[in-house]
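Two complexes come next, and they have one chain in common, subunit A, joined by subunit B in the first and subunit C in the second.
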Partner chain A sequence: MGLLSDPHCRRALSRLVLRLNTPLCALSYVMGLGWFLALAFQPLAPRTYMSENAMGSTMVEEQFLFGERALSYAREFAGHKKKAGGMPVAWLEKTMWSLGLEVHRQPFARTLPFPDETRERYMVKGTNVYGILRAPRAASTESLVLSVPCTEGPHNNQAVGLMLALAAYFRGQIYWAKDIIFLVNEHDLLGMEAWLEAYHDVNVTGEVRSSGTLGRAGAIQAAISLELSSDVVTSFDVAVEGLNGQLPNLDLLNLFHAFCQKNGLLCTIQGKLPRSDWDSLPAYAHSLQTLLLMVLAQASGRPRGDHGLFLRYRIEAITLRGINSFRQYKYDMTTVGKTLEGMFRKLNNLLERLHQSYFFYLLPSLSRFVSIGIYMPAFGFLLLVLILKISFLGGREAGEGQAAPSGPGMDSRPGLLALVPPLLICQAAGLALYCLPVLGQRVATQHFPVSEAEAVVLTAIAIYVAGMALPHSTHRVLAGAGSDRGWMTLKLLALLYLALQLGCLALLNFSLGFLLAATMVPAAAAVQPNGPRVLLAVLLVLATPAATLLLGIFLQRELVEAPAAAGEGWQLFLAAVGEGLLQHHLYGALPFPFLALCAYPAWLLLWNVLFWK
Partner chain B sequence: MAAAAAALLLLLLAAAAGPGRVGAGRARRDALREELLLSPLPAGDVAATFQFRTRWDADLPRGAVSHYRLFPKALGRLVAALGVQELHLALTQGFWRTRTWGQPPLQAPAGAELWVWFQPTVTDVDKAWKELSNILSGIFCASLNFIDSTNTVTPTASFKPLGLANGTDHHLLRYAVLPREVVCTENLTPWKKLLPCGSKAGLAVLLKAERLFHSSYHSQAVHIRPICRDASCLAVSWELRQTLTVVFDTFSSGQGKKDWSLFKMFSRTLTDACPLASQSKVYVDISPKNKEKELLEVTPAPASVYEAIVQGDKRTYAVYDLLSPSLFNTSRSLNVQLKWKRPQDTELPTPVLHAQRYVSGYGLQTGEISTLIYNTHPYRAFPVMLLETVPWYLRLYVHTLTIITKGKENKPSYIHYQPAQDRRRPHLLEMLIQLPANSVTKITIQFERALLKWTEYTPDPNHGFYVSSSVLSALVPSVIAMKDVDVEQSPLFTSL
Partner chain C sequence: MAAPLVLVVLVAVTVRAVLYRSSLAAFISERVEVASPLNAWKRVVEGLALLDLGVSPYSGAIFHETPLIIYLFHFLIEYAEFVFMVSALGNLWSFSLVQFKKQKFLIELDKYAPDVAELIQTPMEMHYIPLKVALFYLLNPYTVMSCVAKSTCAINNTVIAFFILATIKGSAFLSAVFLALATYQSLYPLTLFAPALLYLLQRQFIPIKLKSKSFWLYTMQYTALYLCSLVVIICLSFFLLNSWDFIPSVYGFILSVPDLTPNIGLFWYFFAEMFEHFSLFFICVFQINVFFYTIPLAIKLKEHPVFFMFVQIAIISIFKSYPTVGDIALYMAFLPVWSHLYRFLRNIFILSCVLVVCSLLFPVLWHLWIYAGSANSNFYYAITLTFNIGQILLISDYFYAFLRREYYLTHGLHLTRQDGTEAMLVLK
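Moving on to the complex of A and B:
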């Protein structure tokens, strides 16, 4: 600390920061990106290992042999589903009851804020059915969940079949210490949200209407969501990213990985198989791809499976998706069932909630992880750019103040009062972006020939773009602006605001924070009114959160080896905006309000700086 | 006259005077009656309730007794030394599913429960309570020594003495529950050793730990109370009841078949009665449901059939008397078998009163304890007494207490609340609530989790903390009028 408390050192340091500011910023930015790229490199990503003692060391011996029974249940379920034209509630209840479960149903209804065009739903009515296997000689204080979404069409019948077969088998065993809930939820995430809210007797997202009194089974310790649409599988893909980029405890993933290895199942993450070699360049590229896909998925803040909503309630959960590709070797239901049985029996052994292993991690492959201690510096370097720039501006202002203490009166304090209007206007623009699209959908559909969903998305984009015209109008409000100090103070404020936001965000959702920092930081650091204005304007436009979203979509398509054309990309972009709004209103996802109320106003402030007169 | 009342659920009980045999041990000063009740539950499971009653015509607390015969000396000396008026200890593993199984013959919460009335002569009740719980902890190998002031309460209205008592001064009552207590064979063995025949003869041969813990529910209890010696009630006798209830699950052991036999349940059969017992009987509940044909077929054919009214229902029981010589004439052992005559219907009868409790909300700061109480009686409203004991580290906000029935607020007619003191005593909340007919009453109260010192966490802190069960006492209306009962002669399961 001597470096900072000693006035000599401090002066030397501040001189260094002032003189070498631009090279230091550039260096820091490059180091940040470089660090991030190095995360996929083997020495930084150690092998995963099981931390939880209760689940480690000994393997259970699985005895599930009822793959055929699962398939016959699946066929029966498919038939009844077709006949009922939706979820066959009565049949499910009867079947679960005959298996010896305590059966409950939960009807729910929800009206979306605007129609969801990709899934074609607006006023949703559905029923969740679940059966509880009561553990013998336990007081129903803890439970595990196996959930299966009942989707329309021929999907996921096998998952229901396997679930019923597992329930029948589990019911005959006496070693259960925790209750097991077998849940079939309708309308995927909507049903799941309704069920979770009713189970915890809370109302997080507002308007779900569901029946109140349900059978309960204590605190849920872990949940597994299963998606399976074929009689045989070639591999399993595991999805971990939940709502707002929350991740389950790494031990749950390790558990799945351990049983995949035990049963010889192929398992993938982000659809990418792990490679055996680590030291070659293609191997590095492969793990970087996987890592980037995870970062993009986490940054989007949307749950990548039905498990995603459990995480809010501190329930560790993952989604397992059976994949049936053209590979030769297939696995039958018995193997899949054995894997699930093993996982449940291990989870059953838990004495405490999963808490031993990491909650913050990135996965360059299923068997390797990057912990928060390793990846945070990458973000730290990016944030350092902003901090350097802030101290530079602060130092300059302080220096100017000292150099001209008796400077011209009109210039001395243009500052704070004059800065209030742009700040307020930018925040108001953000607020408008947050509120108006949904509120104004009716007006928009009356005046323009568009559907509600289109109206919402287009209103959002229109408000977003209109915000860029603001600097010209704010200047009329400003009297006595136009000095260098004015824009520098404004930029200082904008940078402080941005740094604070990104710093907080990275703690909650590293990926989103990092992506926003990687795009916004250089533009934010470089922006000034007197320079190559066109170039800076282009740079700043490229750095808006919306452009980041668009770029993210293209990058994602590139990484999954299905590149999108420009038109398709635009369609995806529109869909993503609508989806973001819906996710916020339905499940309380945070990316949209964050972008509208925080990142967008901060960016507008920078835009104001650029057009400062 | 001993009150014909159930432990926690005060019920209007009625039983016709049965053909009970007057025990041969009457002349002697102590007597043992043993009894096994097998009752098929509505969901297809089978509950087996053992009751062993030792009755002793002696004045224990006076300290004049030095010779013990059937009554266990450990407990007798305990009662004498500590001035115990009445003692109820239950060790339970599992949870009685009232909704699917109906009302239990004997109520007990999960974990260990101990409630004791002391005699008015006891000056320092807290000291005696502490000493008592420590001694019992040693006798039953249970962690009862963890009962201290932080989990002991003195309820004012929920408990009544079940035996003879002159007054009900609630300062003499102590009640504690240890919900985290795990019950296992180490608790069963000392309990079995209190029996006069041990597990060598009589019904107790069925008490094989390996099978008893291969069940869905296991609850063992000890009840000591003073009762009238005879009808004139001029002298006091002491009664020790040892009860054990187990529920066998059809699915996990029957491979889908719902037929039962003693051998299947206990992997033993009965060969004789306990030579010290004055009565030894097996009862099987064969009551027809919904006045239809009999559901169950029992083999061998029972020697007699007994009808009683238990918990407001008319029941029919097949009776096997182990002391009658004819029973073991044909075969050397008794293996009672139950066969379901037709598949069960899916509609289970719901009990008149059942309840459910859960914690709502999420996160580590606040939460809400919700209790749902169901009254499914079609036209009768009745009051229930609710007792909640909440540990001090959950800070209750009493102003958030809401009681809602059918969308309207329900004002309790009696409330007793004793706030917690940090590290000293728990919250105690007692309420008398009227349940309208055919209704669900929801009682919620919010809490905040207190910060604990690091030494105050239990082992495995991420496992969570246990909150003990609440106690519901109710006068459940029944359709059958109450009759005067001779308790002494009716089977044991109809009383207590």
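Moving on to the complex of A and C:
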């Protein structure tokens, strides 16, 4: 309070902010980026450790020996799948029944808002089959889930086989305290969403039509989704990022890591193997790559596996992917089964929900993590740039108000009113970007020779680009408000708007907030109508969210060591736009509405500032 | 002034009507920031259902409205949306009739220093104040949300607005009746007794001296009016339901704070964390805190009862046991009345940013805590704390600006130190 109420202190502070504004902004921005880059430096990231008491103290002894049985189930399943031309529902039900599970099926249907071209589906019909292993000594109040997606083609047969073999083995054990649900879901995330909504008897996303589920097994404590397409594996890749960048409790990951180490399994995250050294430059580059890949995956807001939708229901979940590459050491189904058995037995010991460990973290490698307290300052420094700029503009305005004593109250009113039209127009442009692509797809397909999916994506891009012509039309609405003060107030509003939304976003999805801040903040801070206008325009166009998406795609391809050419990158960009729209309408993913309704209007406001007359 | 006022009313009614019909209404009425256990519409409906079944609405632990409210809605349940619209418009009506005059100016204009003409509001500026107040109240998102959520807070606000109108118009009887109603509704407006009395005394040109006879006579009159109307209202409630159940379940509920559902106030976290056997003591401390400020404020601001009333309403809405955004909207509506303090405010920009940021972070952190499960109650409480500190700083900023302006009015705008340089007022 002393700082704010003592006039001398205040004056010194405001003089500092006004005089050294640009250097302070630049310094803060560099500090933000530097801090982020330093996160991958291993000494800053502590080792992961198991926080949950119930899972940490004792190691279980795994006795799963039925790898051969898993493979024979897999072959049988593959045969029936080919015969049925889809999911062999009857065979699965019969097999699960004979294993002693309580079997249920759940048919569902869903019409997509527009055809999904990458997966070639529009009107989807499918069936989920699940069997519940009732715990002999518990009241069915808690359960664990092992889910396996049934995909088309020859994929994932081994996963189904292993699941059935595990079910057969688990059925014979007496120590279960939680029910175990073995779920085979069709049409990956669509089926998973239908099943989760029916299980919890809610309707989050609207249009799934399904025939409810009859069998329930209480509150699900944890879920593991398994993807496995070969008889032997060389390594396991674990995917953690869920819908909207939500992450499972770190303990679940620790559990998987612990059992991989125990059984000598090789495990990777983001497809990157851990390195043993940390003090060399290549090691640093390696963990930075892993970190960046995680940030990009989290920022995209799409689930990186079928586990992604569990997280919304407060169920901790991860996806395990078996990888079979050209390595010498291969692991058979028995080892994989043992790992899963160990994980389930540990989860079975849980006394309460996983809550001890971190929910907000970034992973530069599987064995090290960066917690929220350590990574947030990186974002804080970027936001500080905006705050400094805002206080600079606010201070200048207050200073001018005091310098012109002739009725300061009357002078500022019309200025504020004149800013309402650009604000409304920018927001309306955002609304159009959000609504029109899906609503107008029929009109677009009638008038242009494009398919519906293309129509949606191209309409979105067209509206996005058309928004850039807005400054010319808004200036017609603004009559005689062409003062210096006008653009400064508009810029002040735009910066406030941007800072608010980035701040809120960074709490929900740090990665998206950080990436947007890193790209938009410098342009937003620098923009002004009376400078090198061409340079600023280029900078601002590079900072638009769409450009960020494009750059993100190229960066991601670069990091997984499969660089994309310009044409391919463009195709990926179009696919990503369509995917974003689809994810929003199907699962309620946030990035698209956020970009359309918040980030894009804020950017348009900045664009208006640049072309202020 | 009529045309813009009609425009404001049209916009406000349209916004509310659209929101009532949209899917947002259900979402807003579930928000803990908007609906507290005291005034949530869901609970009113529950109480009505119990009443219809012939059970005392207070028999469960759900319903905490006063009997008059339940009978009001008993007859008007079909028109609930209209009731809330009308209550908002009633507010508007009373605000626009209130001419916030500075009586003191007329009395002591000749005492002011010669160079302060620019500090005194012109009649032109005064003319627009009711419009601005109406604008601030009707289009404030807080008011809109509280109206859309059908929180009965809107009705309490209307009662308080009528009380202010009656007081400023100088009607001691109506003022006492509405003050009694407001007290009956939510207990805390009791503290508004002091500013109302001071205002009425000032209006009657009765000097506030403890030895003067007319001062005591008027005070006794006003107190008697207030107490009589309070007793009548409470007895009426008794005869409506034929039981005293409502006393513990309304006023006991307000004072002893048994429901610790998170809200934007300061009570819930504190008492959720506290050991049971300390809680009685700290409840007393917290509740005395609300009432205590009346005494120093009455001494300091006895010449400025309208400002006193504003500060008191703000203090109630910050420190009461179940605050909602509707309460905040009430005192925010008064901010334009003090637009002449604008040049003396120091942190208004920062503080309004803080309030906006906090209002946006409430739902975000609530989502992280309750739905995503990744954050915890500390996150939400941190924002509650920041929000309240922001409000307290805002009020003290206004208070300090008011005092500074008064100082300038009597001592002249250009102060000089002993050595001739320009002096600066410092709050220590």
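Definition applied: the second predicted complex is superposed on the first by the 603 of 613 C-alpha atoms of A that agree within 3 Å, B and C clash if a C-alpha of one lies under 4 Å from a C-alpha of the other, contacts with A are read in each partner's own complex, and residues count from 1 in each chain.
Everything that follows uses one rule, which is that contacts are C-beta pairs under 8 Å (C-beta built on N, C-alpha and C of every residue); 3 or more make two chains touch, one makes a residue touch a chain.
From a predicted model like this one, the values you see are computed outputs, not experimental measurements.
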item: Partner chain in contact with A:Ala219 - subunit B first, subunit C second, else both or neither; value: first
item: Touching partner for A:Gly100 - first (subunit B), second (subunit C), both, neither; value: first
item: Which superposed partner A:Leu247 touches (first subunit B, second subunit C, both, neither); value: second
item: Touched partner set for A:Arg10, first subunit B, second subunit C, both or neither; value: second
item: Touched partner set for A:Leu496, first subunit B, second subunit C, both or neither; value: second
item: Which superposed partner A:Cys504 touches (first subunit B, second subunit C, both, neither); value: second
item: Contacts of A:His155 with subunit B and subunit C, given as first, second, both or neither; value: neither
item: First, second, both or neither for A:Arg137, with subunit B first and subunit C second; value: first
item: Partner chain in contact with A:His585 - subunit B first, subunit C second, else both or neither; value: neither
item: Subunit B and subunit C footprints on subunit A, overlapping residues; value: 312, 314, 353, 355
item: Contact footprint of subunit B on subunit A as seen in their complex; value: 94, 97, 100, 102, 134, 136-141, 171-174, 200-202, 213, 216, 218-219, 312-314, 351-353, 355
item: Residues on subunit B engaged by subunit A in the complex (per definition of touch); value: 93-95, 97, 100, 110-111, 179, 213-218, 249-253, 255, 346, 356, 358-363, 368, 370, 372, 440, 460-464, 466
item: Complex interface listing, subunit A residues touching subunit C; value: 1, 4-7, 10, 246-247, 311-312, 314, 353, 355, 359-360, 390, 394, 398, 402, 405, 408-409, 496, 500, 503-504, 507-508
item: Touching residues (chain side subunit C, partner subunit A) in the complex; value: 118, 125, 339, 342-343, 346-347, 349-350, 353, 356-357, 360-361, 364-365, 367-368, 371-375, 393, 400, 424, 426-427
